[in-house]
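Below is one structure, written out as structure tokens; the observations come after it.
Labels for the chains are A, B, C, D, E and F, by order of writing; each one numbers its residues from 1.
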Amino acid sequence: MSEFSHISEQNEVSMVDVSEKQPTKRQAIARVKVILPEEIAKRLREDGFRTPKGPIFEIARIAGIMAAKKTGELIPLCHPIGLDHADVKMTLEKNEVIIICSSSVFAKTGIEMEAMTGASIAALTIYDMCKALSHDIRITDLELLMKTGGKSDYRKEAS
Amino acid sequence: MSEFSHISEQNEVSMVDVSEKQPTKRQAIARVKVILPEEIAKRLREDGFRTPKGPIFEIARIAGIMAAKKTGELIPLCHPIGLDHADVKMTLEKNEVIIICSSSVFAKTGIEMEAMTGASIAALTIYDMCKALSHDIRITDLELLMKTGGKSDYRKEAS
Amino acid sequence: MSEFSHISEQNEVSMVDVSEKQPTKRQAIARVKVILPEEIAKRLREDGFRTPKGPIFEIARIAGIMAAKKTGELIPLCHPIGLDHADVKMTLEKNEVIIICSSSVFAKTGIEMEAMTGASIAALTIYDMCKALSHDIRITDLELLMKTGGKSDYRKEAS
Amino acid sequence: MSEFSHISEQNEVSMVDVSEKQPTKRQAIARVKVILPEEIAKRLREDGFRTPKGPIFEIARIAGIMAAKKTGELIPLCHPIGLDHADVKMTLEKNEVIIICSSSVFAKTGIEMEAMTGASIAALTIYDMCKALSHDIRITDLELLMKTGGKSDYRKEAS
Amino acid sequence: MSEFSHISEQNEVSMVDVSEKQPTKRQAIARVKVILPEEIAKRLREDGFRTPKGPIFEIARIAGIMAAKKTGELIPLCHPIGLDHADVKMTLEKNEVIIICSSSVFAKTGIEMEAMTGASIAALTIYDMCKALSHDIRITDLELLMKTGGKSDYRKEAS
Amino acid sequence: MSEFSHISEQNEVSMVDVSEKQPTKRQAIARVKVILPEEIAKRLREDGFRTPKGPIFEIARIAGIMAAKKTGELIPLCHPIGLDHADVKMTLEKNEVIIICSSSVFAKTGIEMEAMTGASIAALTIYDMCKALSHDIRITDLELLMKTGGKSDYRKEAS
């Protein structure tokens, strides 16, 4: 293996072999932001979509959870693993929707990509539902906040 | 319909009815950036992955094209449409991978979400293939650059 | 062809050949009922899930719309067609959730199965979200209410 | 958690966290009926489709098994689990097709929805293959008959 | 474009742009053979699976038709197109199962890969159902027999 | 059970019940050949696509790995299992592309069909990318080379 997992020394791609690994409990949290024009953010608030029950956030949450389940189908070299848990939380801070996707599994590999994928598709769903008002929407700062249970833990440093 | 497409006046969600619309040729281009740590960007260059034939970029390109085809399955209220064309281009500028996804279709609705989804999954695939080296990777500034063929054209202003 | 479409005179199955048909605007509406135990219906009301914004109904609506898009993948001999429109409406009457799924398309075949499938999966989603309280839930009376645009129109007689 | 699983106290949806549960052998059986017009039932018998090898029943059986495998993809908050077994049995009694779907798995959660989904899609497939003869077909009385292996067993009382 | 479609002069892959093409009626037929050990072929005959109603052939036929619908999802650079028709025919000649998959569509591109994919998955399904008896099974000679409706017609020469 | 797994004594199909089996480490290797016209093989070499980094082989490799993950969705009675590893290797020998797909999993059943499916879709992908030059391409001799970890091991005899 070269230093890039998935690429062998012959420069050929493959799914990393995890057959000799022991399964462990794995958790990951990813975050992404959707930057809305002032006007859309304002209407989201006025129309009452700021609450956790608002349809836009609800639909985006479900889209994110469903996409987390599809990670192994979307990312070519991801292993197909199950999911013990997934959720997507959202808050509207000024004109930014902050999306946090958490996921966990008991498996030999994973769980970062599931959290990252869930967050991404939740963000795209918000975009889809607001784009009739404006296309000046930016999806930004998708990052892994935390990961435990693999070879080494990871925690993003506060910036 | 409220001002948010997909949400009726009764606050119920639905797929927007496009049955009375005429199909037109539609095109869209989306862009996203993957910010890598210096070290990973350096190795990408040294290992020869800077060329269009390098496996990481190749795999991400294919993942993006395949995801663009799955847009209607991932985004809950997107219409399932075909695709006449999709491509994903990438360049490594300093420590940033710039990803451009273009797509077009002859249909009654669409094509922004296909370009946005293709760009997102291409970026996530790069993340997946570099994450063994570092998790300090950020996917950022996903935006629509251009869209033609719908009710009104859109072109992102230079920033 | 025998009288059962999809079955040839040699008793072999196939997807019906629609290549010589002209596309038309097609619409269909299906209805299904979910019979809940009194107790669950009562809590649904008390917890405020009776409104269109309530999470259970919202999630079931989205599941139904997404499933309608997957009809061609689920029903072996259905043609893969697009969808111009799909929605799912729900009301709680006493202890019955009445689900109405409407769909339309401009195509050579279809649209009943899309409406029927959307209604079914919406009902199953309600089941899934209530089953922790009781398994005494019955999904019943799934029927096509109306269909227009094909060889002959259909309208279910009032019973 | 509120009393509805999947809904947190903040009224937010999520996939129930099963990470601390131990896997057990789980089994479930669901039943649904397809009520056909006399005429279709008669032809099904005359044309020899009453046997287990008849194409209509065969196709519906396969559709049901394949759909049971897709449950986690169709029902938004279902966990993606494997399947150790699934089958679909059918009998034609007078003008009713009785469909029984059984499924089992060794997992931390599940298996009711797999049996319910398999039964539903098998019924819809029969509808699809008979609808050229008549749309007066009703899919009804979808219920869980039995479930073992979870927190508590369930067995539907004879009605 | 280089002479390989899908590969640009910069050696980058993309889905071929068909936006300027006119849709035409397109048809294709593919054939593949499954070579069985004498013993399995004999049992297939004795057990009565030689008829069109036999379960093994029936299941393989359905698998092939369903796979033809998924071609755009499986072959990375195939366009997602609909299908106007698909069928799979099988005959057992001595110890060879001959599988013929036909498909047609009215579209701007396609239909060879749909026929080829349907034939392949039908063959794999036969393999799957016979492999408990022996693994000495060979799937061979998958070829396109005919194609009409595109830039140029094709008809395989008799060999 | 009749001697054909998947077929019960009543001639009904079902997914084989593996609930009482213990999981084991399972590995399988399948091989398939793509016979190209001299001219295409020559251009593949000249254009530099003979190396492991060449786009055609790269895309086919990824398509094969992604398809191996979808096996349970494509083959009607295959169990949905995970994958611990999958890779696809290719060499161009004269005018034949030799494709070897290996896969492994720790599970109660499987892994032949995953290797066979991965090899098939990789071959179809090569076909798709070369077919603009010629349709005289044959995909042939798909066989299982090796399988370990199940009830009995298998190793294809040298021919």
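The working rule: a residue touches a chain if its C-beta (ideal position, glycine included) is under 8 Å from a C-beta of that chain, and two chains touch if they have at least 3 such contacts.
Remember, predicted model here, so these are calculated numbers, not experimental data.
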Cα superposition angle of chain D on its copy chain F, in degrees to the nearest 5: 120
Interface sides of chain B and chain E: same vs different residues, half threshold: different
Length of the line joining the C-alpha centres of chain C and chain F, rounded to whole Å: 37
Where chain A and chain B are represented by their mean Cα positions, the distance between them in whole Å: 15
Euclidean distance of C-alpha centroids - chain A vs chain C, Å: 30
Shared-contact residues (touching 2 or more other chains) in chain A: 11-13, 53, 55, 58-59, 62, 66, 70, 76-77, 82
Chain-chain contacts as defined at top: A-B, A-C, A-D, A-F, B-C, B-E, B-F, C-D, C-E, D-E, D-F, E-F
In the complex, chain F residues that touch chain D: 10-19, 72-73, 76-77, 79-82, 108
Chain A residues touching chain D - in the complex, by the definition given at the top: 25, 52-53, 58, 61-62, 65-66, 69-70, 82-89, 104-106
Interfacial residue positions of chain A with respect to chain C in the complex: 53-55, 58-59, 62, 66
Residues of chain B that touch chain A when the two form their complex: 2-7, 11-13, 32, 43, 47, 49, 55-56, 59, 62-63, 66-67, 70, 74-78, 112-113, 116-117, 120-121, 123-125, 127-133, 135-144, 147, 154, 156
